[in-house]
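Two complexes follow with chain A in common, the first pairing it with chain B and the second with chain C.
Right after this comes the complex of A and B.
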């Protein structure tokens, strides 16, 4: 990871130059140091991760990155809520994460704030959605409490007849102060919080945090630890893909699919509990390695389980692929074309289903993937069917990887001791979770966490959902939404 | 179609059965006791008031063939107005406080509230802060709480039974 300081006038030109040679924005956040506030951005470049910094020296505004990287817009609005920093000449001044829970003058991420302040009811702030006007246009408000067992968020549909003209999402309902909470935890304990940023990606977030801490402490991960983490990450990918495939079939009216995939998922999670002690493998990734080693009989079992599951998945795929009614709902629904996906900066699974070959397991050199030769799954259609297909391919590929890892795990320690540096230290972690790239930036000072920014790929992909649903009918929204399956908690923090 | 029927036949019935009490006795026992107490269906409205979505995944699992909750007349409904029971997860975020209170008010009496997960029980790792109200009971009255991070489906099922026993 390369950390680079930029001058104000170079902030946007630097981003433009990076974009021109294929770089991507990964995350944008702010921090307060002794010198004052600093705006930070992480970029994916062909040479690896780059951490750019813009010291603000007392200024409360910063140059707008959204014209270069579209999805920066919401992260920049969140900076206003959390640190009082706003874009120069901002057109959109609506708060993003603060729905009136704290006064506008309070800055939770400032050093002066303890994070424990409690405010009397500040009133729910009215949020003006963008209105679509014309003959027969009307709005459907949905949420924050949804009809299913899902996370809270608000969707405002502007429709004519059944057709969606525009969707605008309002998120932030599950903002629970995670980034401030990090600063109250000891660095060797905070992986537990990282593992609860988004329950479905607990391994990915915990790994990204631990990678950042190990980077800051200059600790080399033992090979066996990296392989164990790889096992857990691939198991997490399989579990989520199985769940989504079942839910997608169900949302398109094939309850058989839900029954079958939820049965496979339950078997899988029960095995995770037996092997790693937890159905989601929460707290399985710890600073310095993995919480526990896996004995040879369990490795053998995992390999056999994987082979059995691959057979089941293939037989179900044949059924789903051959089901005309199901394919009729999947094909061309929620289409996100490759050009648009590129402009929106979409990442992870959704990007791969729209023709973009981005997968950190293939693009970047990190253990254990550098020695596993991951075969990336891509599709060009960008519709629900493409995202289903990528999930099938990735499930089978993960099962193959699990087999490979179990066949030849390196010997040695599964965990090394980690000394938290006493002085100022910086570290970054970057992991390809099942949904996409999970990132973590960590600043340590005096043996404590000064700032920890955790970034879920949902930030990149939520705006894409709004585009994918345009011109589709309202009843297809649940299906299209599920095909992205984005995290609210991971986004709201 | 043929392949679907074949797959269903080969999968068989997985719901952990009554006669298999030694192996996995609890699921069936709990189902029967709940039905015995209630003598009717139970409608649950789930509300995520700030969870990390781990609890939601385990609540979803209650509908898989192993736990087969809906098969026993206990179902998740789309509106609080149809619900007997609110199943609430998460530390309640300040941004969800009003929505949770309104959901509670919209639920017809007699209404029951089950808090699910460590966060719902005591705020969990998130605790109370400028953005979090902590446990569910800080915002609406709670009748029963199920700890765990997240609690496995069987524990949530036990929680529903615990609540049903109170209704006796």
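Right after this comes the complex of A and C.
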């Protein structure tokens, strides 16, 4: 990780230059240090991760990155809610995470704020959605409370007949103040909070946090610990892909798919519980390594389980691929063209389904992936069918990786002692979770966490969903939404 | 009106009211089995009705009297529809009151009231559901009419009892025109009763619903009546299918003993029909809503072909 400070004039030109040579924005966040507020951005460059900083020295505005990287827009609005920083000459001044829980003048992430202040009801903030005018155009408001048991989010559809002209999402209903809470926890404890940012990505977030802490502390991870973490991350990927594949079939009305994939996922999670002590493997990744070692008979069992599961997944794939009614729903629904995906900065699984070969496990391989040769799954069509296909390919690839990890695990320690540095220290963690790249930036000061920013790939992909739905019909939205399956909790923090 | 006819009519209506939830429960149970689930049990629809009847009904502030009246009207329409389809006996005093065309009219009347009630509150989902329901309805009705006309041509009458009497008198065997009409009726029944592949009765996705979106604002006894009416509609369609295409075993006039035998036979036919419905639903995925016109257009075409075949080849059994 390379950290560099930029001047105000250079902030946008630097981003433009990076974008021109294939760089991507990963995350954008703000922090308050002794010198004042600092705006931070993490970029993915071909050479690795770059952490750019813009000291604001008392100023409350900063240059707009959204013209260069589209999805920066919402993160910049969130900065206004959390740290009182706004874009110069901002056109969109609507709050993003603040739904009236705190007054506009209060800055939850400022050092002076304790995060425990209580405010009387600040009133519901009027949130003007972009209106679409025209003959026969009307709006459907959906959520934040839905008919099923899913996370809360509001979707405003502008439709004519059954056709979606525009979709605008409003998120932030599950804002819990996780980033503030990080600063109240000891660095060696906070991985547990990171693991609870988004339950479906608990391993990825915990790993990203621990990687950042180990980076800050300058600790070398023992090889066996890296392999165990890789094992957990791949198991998490398989579990989520299995669940999504079943849910996708069910949303297209084929309940058979749901029951079959649910069965496979349930067996898989029960095995995770037996091997790692938790169905989701929460708290399996700890600073300095993995919480527990895995005995050789368990490795043997995991390999056998994986081979059996691969066979079942292949036979189910044949059934799903051969089902004309299902394929009719999947094909061409929610198409995200490669050019658009690139412009929106889409990441992870959704990017790979739209022809973008980005997978940190291949491009920026870290231990243990540098010795595993991950085969990346990509598709060009960018529709629901492509995202389903990528999920199938990745499931099978993860099962192969699990087999390989179980075959030749390195010997040695599964955990090392980690000393939290006493002075100021910076660290970054960057992991390819099942949904996309999970990032964590950590600033330590005096043995405590000064700032921890956890970034879920949902930030990048939520705006892409709005584009993917355009020109589709209203009843296809749940299917398209499921094919992205983005996190609300990980986004709202 | 003979006493026996009166008894047969009463028995038929009571059987429909009592058996309709059971039939729905049976279809759901079969679906569960076919999906390798255990299922909620045959009696679940009764439990749901019992629960809903014991709950308070919550009404939207701006609900008009129409919104309150609709469940009773719809329930009445469906009960009457079940009363005029001869499933147990061909001697039904209500039969002269409504023939096959009036039966289609009854379904249409119920549909209009459900849709008006859905739009009454003014929520986005209600109007969305009403619009879709009308799309399905205006395509399904002509196809259903054509199916009934085919059978009416065979029996020279649009009276349902006459049709069933004529059809049950013929030999057991497959007639080309009736086979085609049967396929058309199955397609119409799937669309009209909000089953997969047209609608998904088990869905929790508010944006894809048709039937569920229509009754979204109902609660308590109103919802119970709506759900019961939906079960009655499914039952009525099953009975139409049985009455037109496998009518053997229906009691004729002046045959009290045959009436007793007709009930178990009807149950057996319904059980088989329900299983086939569940099988069909399990094997198919839900289609895109704009495929529904194609689907129902196909049903209409099949029904027309059935009628042409009947005209060209001559009516069987005449």
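Keep in mind that, in the parts below, the second predicted complex is superposed on the first by the 492 of 493 C-alpha atoms of A that agree within 3 Å, B and C clash if a C-alpha of one lies under 4 Å from a C-alpha of the other, contacts with A are read in each partner's own complex, and residues count from 1 in each chain.
Everything that follows uses one rule, which is that a contact is a pair of C-beta atoms (placed from the backbone, for glycine too) under 8 Å apart; a residue touches a chain by one contact, two chains touch by 3 or more.
As the structure is a computational prediction, the values presented were derived from the model and not from experiment.
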First (chain B), second (chain C), both or neither touched by A:252: second
Now for A:395: first (chain B), second (chain C), both, or neither, which partner does it touch? neither
Quick one: classify A:172 as touching chain B (first), chain C (second), both or neither. first
Using the superposition on chain A described above, determine whether A:31 touches chain B (first), chain C (second), both, or neither. neither
Touching partner for A:347 - first (chain B), second (chain C), both, neither: neither
According to the stated criteria, A:460 is in contact with first (chain B), second (chain C), both, or neither; which is it? neither
More chain A residues in contact - chain B or chain C: B
Would you check which partner chain A:272 touches, where first means chain B only, second means chain C only, and both and neither mean what they say? neither
With both complexes superposed on chain A, which partner does A:325 reach: first (chain B), second (chain C), both or neither? second
So in the superposed three-chain picture, is A:478 touching just chain B, just chain C, both, or none of them (first/second/both/neither)? second
Across the two complexes, find the residues of chain A that touch chain B and also touch chain C. 147-149, 256, 259-260, 263
Going by the contact rule at the top, pick out the chain C residues touching chain A in the complex. 31, 34-37, 124-125, 128, 196-197, 200, 202-208, 282, 284-291
Within the complex, which stretch of chain A touches chain B? 97, 99, 101-102, 106, 108, 113, 115-119, 124, 144-145, 147-152, 172-178, 180-181, 192-193, 196-200, 202, 243, 256, 259-260, 262-263, 265-266, 269, 273, 279-280, 282, 315-316, 318-319, 322, 487-489, 492
Provide the residue numbers of chain B that touch chain A in the complex, in ascending order. 3-4, 7-8, 11, 14, 46-61, 63-66, 76, 78-80, 90-91, 93-99, 103, 124-132, 149-150, 152
Residue ranges of chain A touching chain C (in the complex, touch as defined): 138-142, 146-149, 162, 249, 251-256, 258-260, 263, 323, 325-326, 328-329, 473-478
